[in-house]
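Paired with chain B in one complex and with chain C in the other, chain A is shared by the two complexes that follow.
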Partner chain A sequence: MRFIRFFLKRLVHSLFVIWGVVTVVFFLRFLTPGDPTTALVSPDAGQDVRDALREELRLDEPIYIQYFEYLTDLMVGDFGNSMDVLDRPVTEWIFSAYLIRSVELALAATFVAVVIAIPLGVISARRRHQPADYSATLFSLFGISTPNFWLGIMLIIIVAVPVGFIPTGNPGPLFYQALGDAVTQGNFGGLWDWLRHIFLPAITLGTYFTALITRLTRSGMLEEIGKPYVKACHAKGLPETLTLYKHVLRNTLIPIITILGLQLGTLIGGAIVTEVVFEWNGLGQLLIDRISSRDWTMIQGIIIVIGVSFVVINTIVDILYAYLDPQVIDQ
Partner chain B sequence: MEPLLRVEDLTTRFFTEEGQVNAVEKVSFDVAGGDVFGIVGESGSGKSVTALSLVDLVDSPGRVTDGSVWFRQPEMAERIAEDQPEAVDGEMVDLQQLNSRERRALRGSEFALIFQDPMSSFNPSITVGEQVAEAVEVQKRAKANPRALRSRTQGFGLGKFLTTSMVPTVDYVSDEAHARAVELLDTVGIPDPAARATEYPHQFSGGMLQRAMIAQALATETSVLIADEPTTALDVTIQAQVLQTLAEIQDEHDMTTVLITHNLGVIARMCDQVGVMYAGEFVERGTLEDLFERPTHPYTEGLLGSSPSLDAASQRLQPIEGNVPSLFDEEMDNRCYFADRCPKAMHECLTKPETYDASGSESHSARCYLATQEYDSADALPEGYFDD
Partner chain C sequence: MISDRVKASLKREFKTSRMAQLGLILVLLVIIVATFAPFFALHDPTEQRIGTGDGVDDDDAGVIGDNGVEEDDDDDIDPGDIDDADEADEAESTDRTDVPPLSPIPGHQFVGETEEIQRVDHEDGTFDIEIVETEVNADRAFPLGTNTVGQDIYSRIVYGARISMLVGILGAGLAALVGVPYGLAAGYFGGRLDDGLMRGADVMLAFPSLVLAIALVGVFRDSGFHTTQLPDPFVLAAQSDTVPNVLIPRADHVAAMPESITFPVTVTLVVALVNWVWFARIARGEAISIRTEEYVKAARSLGASHTRILRQHVLPNAITPIIVLATIQVAFIILLEAALSFLGFSGTNLTWGADVESGRGDLATSWWISTMPGIAIVIAVIGVNLIGDWLRDALDPGIEGESGGM
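This part shows the complex of A and B:
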C-alpha cells in the first residue's frame, strides 16, 4: 500500500516535469534568431513567399495560440509535422530506427560500464593501496579524462582498421530484429553483425561511465566498510564474502543506481559526438542535423523524447531505490 | 576454579601518521565462567579498544602488539597442542597465537559482541529478523562442522550473491534460522516478534534495537559476551529496561560477560569483578566490594565521588579536575599518568608505580603507591606542579 502511494506520487511528479520540459522547449524557439523559413526559402525569394510559408506552418498565429495548439496535439501523441521535410510527421522520424538505435547504444554502453566497473571497484576497494588498486585508479583517471571523439577515432585507427571485421562506422541491424532472426530462424548472423557494429561505439560511449562507476564503487565500498554494522557483521562471525557482498556492496549500490539512471538519460540524448564519429544515425545525430535547418518541430520533438526518457528512467530508478533502501518510502 | 578467560599484558597500539598511540597498555584480568567483569573509565581511556582487542576486531592502523588472551576451549586445545604447543596451556588456548582464520571462527561461536550504538550497528537496508537470523545461521553451521572452518563460507561468493539477489528464496540463511530469530526476539522482550522481524532498523526505537542486538548476541549461544557500553546511546528510562533484560539473560544463560561502561551505576548493578581503566591501563582492579568499599587509587575515589548516590544526597558531586592525558607515545612521561589530576600526588608519583596488592586481598590490586603506604601530605607535590 505504502509502495503504491509512493509510486503514484512519483507518477504525478513525472507528469509535471514533462509538462515543464515541453513548455521550456517550446518557448526557447523564440529566443533563437530566424525561423524555419530562413532555411527553407531561397534568400532571393520575396517577403510574400515567406509570409505564405509562415501561414502554412501556422507561424503567423499569436504565440499562446501556437502553444496551446501544440499542447493539445501532444496530448494525443501528435508532435506535428517536420518543418524541413514537409508533411512528414515528427513521430515518424523519431520513433523509427533513430530512437531505437540511440537507446540500444546507451544500454550497451551502460552494460559495458556496469559489467566492468562494479567488479573493478570491488577489487580496488578490497586491495586498497595494492597494485590492483593503482591500476584501476589509473584506468579510471584515463577514462574520465579522455574525450569521446578522440577515443572513438583512436579505437577506429587502432582496433577497427587492423582487425578488419569490426566496422569503422554505420549502425548494424537493430537488436530486436537480429534477436528475432536468431530465435525464429536460428540465424545468428544478424546478432553477430549487431555485436560487431555496436562494439566500438559502446566502448567509446561507456568508457567515461565505466571510469566514473569504478571510482564511485571503490569509494562507496570503502566508506561502507568503515561503518559500525560491518564490524557487527565481523563480530557475529559472518563469512567475509557474505559481509562484503550481501551487506557492503548492496549499500554501496544504492547511490550508484541513482547515478546510473541519471547517466543513462544523458547517454540517450548526449551521445551526439559518439554518434557522429561512428555515423550511428541515432537521435543525437538527427538533432544536430535539424538544428542547422531550424526544424523547430523536430527539435522540440527530439528534446521532448529525450526529456521523457530521462523522467521515465529516473522514475524507474526511484522505484528501484525504494526497493533497495527501505528508508526511502517512509520519508 | 580455573578462569574461562585470562587476559595477560594485553597491549594495543595505533600506528597513526601523527605518531604511536598507546591505547591499551599491559592490561591483565581473569574472568571466571558465569561472572561479569566490568571495565569502567572515562571516554578515551581505552575501554572499547580493550574489548575489541579481545576478539581481534581493532581496525587498522591499530594492532594488538603484545600479550595473551587465554580462553578455555578443551577441544581446540587438544587439536592444536601438537602443532602449536606454546599456544596451549592445559585446557586454555591463547587466542593471540592462533592464526587469523581460527580466531575469526571463534567470533560468533564463542564470543559475541554488543555495541554501543544499535542504530548504526545494524545494516539499514536489511530486516532486523534477517540480521539476527544470520547470527543463528553462523552458529548453526559452526556447530554442524566445527573443524572445517571453510564450510561456513562455502558457496557464498559473488555468483551466489547475484543469484540470491534475483531469487530471494536461495539464501545463506535457512528458514529454521529465521524461526529461531523470531524466538530470540521474543526472549529479549520485543512484542509481536514475528512482525517486527520483517521490519528494518529505522522502524525500531533505540531500546528495541538494542534488545534485538542482545538477541543477536544470544543467537550465537556463545560462552563469552562482550558488551561495549550497551546502554550509553539510550534514554535513561530505556537504559534501565535494557539493563534489566541483559541481567536476566546473563543470569539465565550463565553467560560470562565483559561489560564496558563509564557508568558506575551499571557496574554496581551487574558486575562481580571490576577493572578501572585510565590512560590505557588498569589503575585498580578487584571485586565489586573492594572497589566500592575500599577504593585505593585516588582515581577510583574520584569516580565514586563524581557519581550521585542516594545516601549522600546533600553532598555536592566532586568532579575530577582536568582531562584524560594524551595517549601519544612521545607525550607520555614515565610517571603516574594520573598524577597531574590527583589530589594526593606525591614526589614518588613522578616515577611510574607498579601494580601492588591492595587492602590485603589477593583479588584487589592498584597501580598506586597508596596501596602500600599512607598518604603523607609532607611529601605532596606543590600545587600547580604540572601547569607548565
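This part shows the complex of A and C:
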C-alpha cells in the first residue's frame, strides 16, 4: 500500500516535470529576438510570402492560444513540421535512425563504463594506498577532467589514424540490422562493421562515466568495508573476493545507481559532442545542425524528447529503487 | 565566516596531501598566466601568418586581424609575398575581407620545420615561385607550433586561459548567487514554498546542462549582448605615456598585444543559468537541517527577522558544502564552456575549445593543433578538481556525484 502511494506520487511528480519541460521549451522560442520567419525565407522574399508562412505556422495568434495548441498537438504526438527546407514532420525526423544511433551509442558507453569501472573501483578499494589504487585514482581524476571532444580527437590521432581500419567519421550499420544479418544469413561482417564504428565513440563517451563510477565505487566500498557485517563474513570464513563482490558491492551499488540517474544528463550532453566529433548522425548532431539553421520546431522536438526520456528513466530508477529498498519511501 | 576548526582541518589535509598541493600549484599557474597573458604570450595570438617569408620574423608575415578583435590600420596588412606589386594594391583596395590571401601552403608548422615560398626574380622581369624547406630556430619562436592560419598556438593557449578562468569563476559565482538564496529560502521556510520552488528546480534538472545551454545560446545569440570587449589594462598602460614604461617589464612587447579581449557574455550567463539549480539543491538540504537547530530557535524568539536569521545564522553554517560545490562547479563550467566553444557557440575564437576545433581538419598531418589546447583544458580542470577533492576531504560534506555535470 505504501509502495503504491509512493508510486502514484512519483508518477504525478514526473508528469508535472514533463509539463514543465514542455512549457519551458515552448517559451524558449519566444525569447528569440526578431521575426522567426526571417531565417526561413530567402532575404529577397516579399512580405506576402512571410505573411503566408506566419499564418501557416500560426504565429499571428495570441501566445496562449499557440501554447495551448502546441500542448494539445503534443498529446497526440504531433510535434509540428520541420521548418527547414525538407518540410517533414518532426517526429519522422526524430523517431528514425537518428534516435536509434544515439541510444546505441549511449548504451555502448554505459556498457564500457560499467564493465571497466566496477572491478576497478573494487580493486582500488581493496588495495587502498597500493600502486593499483593510485593508478585507478589517477585514471579517474583524468577521466573526470578530460573534455570528451578532445579525448575523441586524441583517440582519432593515436588509434584511428595509425590503425587504419577504424573509421572516424560516419556511423556504421545499425546494430539490430547487423544482428539480423548475422542471425538470418550467418553474415558476421555487419556486426564487425558495427563494432569498429562504435568502438572509439563508445570509449570517448564512456570515459567520464567510467571515471565517475570508479570514484563512487571506491568511496562507497571503503565506507561499507568498515561495517560489522563485513567482519561477520570474515569470521564465518567467507573468501574475501566473495564477501566483496557479493555483499559489499551490492550495498554500494544502490546509492551509485541514484547518482547515475542524476548524471544521465552528462551522458546525453556528452553524446552531443561525441556525435559531432565522430559525425555520428544521432540526435545530438541533428540538434546542432538545426540550431544553426534555426529550425525551431525541430529544436523544440529534440529537446523535449531528450528531457522527457531523462525524466522517464529517472522515474523508473526511483521506483525500482523503492521497490528493492522500501526504506527510501520514508525519506 | 569560516571557523578556526575548519581552517585547521584544511591546513592539516593540505600538508598531508600531495594532490592538494599539486592542485593549488596548477590552478595558481593557470590564474597567473591568464592574468598576465600579455607578458607570457610570445606573439599577438590573433596574428596570422600565411605563406610567410621565414616563419619567425613578424614583419614579413601577412597580418590579418582575427574576428572579434579590432583590426589594425590598413598599413599593417601585407597581402603576402607571392603577390605582384600591382595585385597587391588591388587586393588592398578591394579584397579587404577577413579571408587571408590564398597561399598554396598553409602557414601551419611545428617546432623546427617550415616550408616557405620564395619568389625568385629573373633578369628578364619574369619570376618563379619556389617552395623551399628550411630549418628555422622555431622552438623559441613557436614553442607549440602554429595552427592552420599560422597563429602561435602557445600564445593562443595563454590568452585562452583568460576566457576559461573568467567564465568558470564568474559562471560559478553567478550560479551560486542565484541558487544559494533560492535553496536556502526553500529549505528554511519549507511547506508550500519549498514544494513550489523545488518543483521548479526539478524541471531545470530534467534538462541536460549542455542541451539547455546550446538551446539558450541559440536563443540569445541573435541579440546584441553576445560578447563584449574587455580592455587589457597592461597593454593600455604599456601603450600610454601616463604610466612610465620602466615600471612595466618588456613594455614594447606588451604594447604590441591585443588591446582588448572578446568576452563571451551570453555563454557566461547561460552556464550560470543551467547550473544554479545544483547550488539550490545543496543549500536547501543544509537549510532543512539547520532550521531546527537551537540557535535558530533562540534567534527567532529574540525577535530576529527571517532575513536576518538566513543571513546571520543559516548561511554561515551552510557555507562549507557550498564552497566545495562552487569549486567543483568551476571545473564543470570550464568543461561546459570548452564544449560550447568547440561547437562554435561561444562568439569568440580565442578559447581553448575553439582552438581544439580549429585543428580537426588536419588531424592526420598536424596533430599538435588540436592536442595542445586540450592539454591546457585538462591541466586547468585537474587543478580545480584536485582543490575540490582537498576541500571535500577536509570538510567532508559528502556531495560527490551530486554536484552537477555537463
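Note that the second predicted complex is superposed on the first by the 286 of 331 C-alpha atoms of A that agree within 3 Å, B and C clash if a C-alpha of one lies under 4 Å from a C-alpha of the other, contacts with A are read in each partner's own complex, and residues count from 1 in each chain.
The rule is short, and it goes like this: contacts are C-beta pairs under 8 Å (C-beta built on N, C-alpha and C of every residue); 3 or more make two chains touch, one makes a residue touch a chain.
The shown structure was predicted, so the numbers you read here are calculated from the model rather than taken from an experiment.
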Practice task
Please indicate which partner A:Ile144 is in contact with in the superposed arrangement: first for chain B, second for chain C, both, or neither.
Solution key: second
Exercise for the section: Mind working out whether A:Gly20 is in touch with chain B, chain C, both or neither, as first, second, both or neither? Expected result: second
Problem - Of chain B and chain C, the chain that contacts the larger number of chain A residues - result: C
Practice task
Could you tell me if A:Ile299 is touching chain B, chain C, both of them or neither one (first, second, both, neither)?
Solution key: second
Exercise for the section: With the two complexes superposed on chain A, say which partner A:Asp325 touches: chain B (first), chain C (second), both, or neither. Expected result: first
Exercise for the section: In the overlay, answer first, second, both or neither for which of chain B and chain C A:Leu212 touches. Expected result: second
Practice task
Identify the partner contact of A:His129: answer first if only chain B is touched, second if only chain C is, both if each is, neither if none is.
Solution key: neither
Exercise for the section: Could you look at A:Gly265 and tell me whether it touches chain B, chain C, both or neither (first, second, both, neither)? Expected result: second
Fill in the blank from the handout: Check: chain A residues flagged as touching chain B and also chain C none
Handout entry: In the complex with chain C, residue positions of chain A that touch it
Key = 13, 16-18, 20-21, 24-25, 28-29, 31-34, 141-142, 144-147, 149-150, 153-154, 156-157, 161, 212, 215-216, 219, 259, 262-266, 268-270, 272-273, 276-277, 287-288, 291, 294, 299, 303, 306-307, 310-311
Exercise for the section: Provide the residue numbers of chain C that touch chain A in the complex, in ascending order. Expected result: 199-200, 202-203, 205-212, 214-216, 218-220, 222-223, 331, 335, 338-339, 342-343, 345, 353, 356-357, 359-360, 363-364, 367, 370-371, 374, 377-378, 381-382, 385-386, 400-402, 405-406
Fill in the blank from the handout: In their shared complex, chain A is touched by residues of chain B numbered 55, 57, 59, 104-109, 111-113, 115, 117, 120-126, 134-135, 138-139, 142, 152-153, 156-158, 161, 164-165, 172, 200, 202-203, 213, 216-217, 219-220
Completion exercise
Residue positions on chain A within touch of chain B in the complex are 119, 122, 226-229, 231-242, 245-247, 249-251, 254, 324-327, 330
